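Order as written gives the chain letters A, B and C; numbering starts at 1 within each chain.
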Amino acid sequence: MTWIYFIDLLGTLVFAISGVLTAVEKKFDFVGAAILALVTAVGGGTLRDILIGNTPVGWMKDLNYILVISLALPICFFFKTRIQKWRKGIFLFDTIGIALFTILGMQKTLHLGLSPIIAVMMGIVSAVFGGVIRDVLANDIPLIFRKEIYASACLAGAVVYLVLDPLLPSMYAMMSSISVVFILRFLAVRNNWGVPFSPLR
Amino acid sequence: MTWIYFIDLLGTLVFAISGVLTAVEKKFDFVGAAILALVTAVGGGTLRDILIGNTPVGWMKDLNYILVISLALPICFFFKTRIQKWRKGIFLFDTIGIALFTILGMQKTLHLGLSPIIAVMMGIVSAVFGGVIRDVLANDIPLIFRKEIYASACLAGAVVYLVLDPLLPSMYAMMSSISVVFILRFLAVRNNWGVPFSPLR
Amino acid sequence: MTWIYFIDLLGTLVFAISGVLTAVEKKFDFVGAAILALVTAVGGGTLRDILIGNTPVGWMKDLNYILVISLALPICFFFKTRIQKWRKGIFLFDTIGIALFTILGMQKTLHLGLSPIIAVMMGIVSAVFGGVIRDVLANDIPLIFRKEIYASACLAGAVVYLVLDPLLPSMYAMMSSISVVFILRFLAVRNNWGVPFSPLR
């Protein structure tokens, strides 16, 4: 389904931008920013692929991911101030991206015949560990360890998908799961439950 | 052998508790504590499995490990003060667990036809790297890099197992190896050679 | 080709020494220094092997790497002051080692049928991530994120190899690539563009 692929690439881009912004904040140079963009964007899916034995890891087989990630540096360079202004729009894509990463991570894990519990865990790993690796490389304590709404929203979305997938057409199950993640994060931002915009810090 | 399985699960639980205690100390939230419990408990074996190519990693195929790890949070919540009091008893299981992790890690590596030297290294990785990853995620310098008795005891136990396994029935070789690790750590605690209780810090 | 193997082992030794020197600086104990030597020396190649699915990872199948790494501790112990004095000579081997790690990493990746872009990335990972993991374990921000010449030289060498390998005999392509890395690092040191001696910090 092409819209899934499109959102996947868009989520990848938003994660890569988040890596560049962290690099700028930490005064990394160009190479450091490029590596942090890559690691933040593909780190979660890479760790999942390694853990479930799906190697060479996914992004090596489809260069569009590298292409999209390589756009993050010029985008941050030319649209520095606009990224601040567009935060709300980016927030939309970001949340959908996170939800989609979770679902795609679950699907890959279930395909290998692993248990649904492991699939939920691998879904969360896919969505969350790019940011964890980014924070470790930047010598910070990972953000999600201190503000739970981000990982909790993924967990809720993962469970919703797991329950609905056998009952509804796959598309509806995905839509419902994405909606749950989106609503939870929206409410969290509105009511100040946690981090408003974690991948872009 | 069921007692091996039992000690393996018990060691996993003690490692998970150590992750939760670190998380509490660092003021992580619930999700952070859960992730740190998991990573501390299975991190060493996971790294070993990835390095030797044994994927999907072991704990994905037996949900009892996840079950045991998920007990660490309520146990720490309800028995906070008693964990301090029971330290000596936990120390017993912990040391046996470490020794067993070392031996099991060696066995898995030898089964793949890798050299005994690599097996010894992978045994130590199995026992030690859960704590290393815990400390990296908590933004500390890994404890074992500063106090050597913990890893050295694993090394001694690994060598003993390697030497005795071809000479004695497997059970006796394991018992001897576990005894060596236990005695070394006991002496270290008594004579203040190093960290008394490293996984529980 | 035996001279390639020889330089590969020599580069491994220089990386291992760099791990020991970091460990000394951070007041690690013996075990910590040994682990940091290993991780610095084989970390980059190990990460590459894991990502491309080449497991068990390479150094497990040829014990000469472990042998060479185990020499780093006594060398640092007995020749502490001379290592400072010999810096220029070590710099020579180190730079050739880095260039060779890059090329060998690319070759392994291309052999698996992965794209040249991925091969360039994996070449850089092979040469650079041993130092990144060393710095993460020592609780520092990775050096290469702040001083780009080291990784940029690898990138230039990788591209040169990729372009020349189909045109020239493999040996000449490797020589040219190594020369480019060497000249770039030499100029960087001379003109103070970046870190003079990054693996040995």
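Convention: contacts are C-beta pairs under 8 Å (C-beta built on N, C-alpha and C of every residue); 3 or more make two chains touch, one makes a residue touch a chain.
For clarity, every value in this text was computed on a predicted model and none was experimentally measured.
Simply put, chain A must spin 120° to overlay its Cα atoms on chain C, rounded in steps of 5.
By the residue-number overlap criterion, the interface of chain B with chain C counts as different, with under half of its numbers used by both chains. Each chain gets one centre point, the mean of its Cα atoms, and the points for chain B and chain C are 31 Å apart.
Shared interface positions of chain B, defined as residues touching 2 or more other chains, are 50, 55, 136, 139. On chain A, the positions that touch chain B within their shared complex are 50-53, 55, 112, 114-115, 117-118, 121, 132, 136, 139-142, 144-148, 151-152.
Interface residues of chain B, counted against chain A in their complex, comprise 23, 26-32, 35-36, 38, 46, 50, 55-57, 60-61, 63, 66, 136-139.
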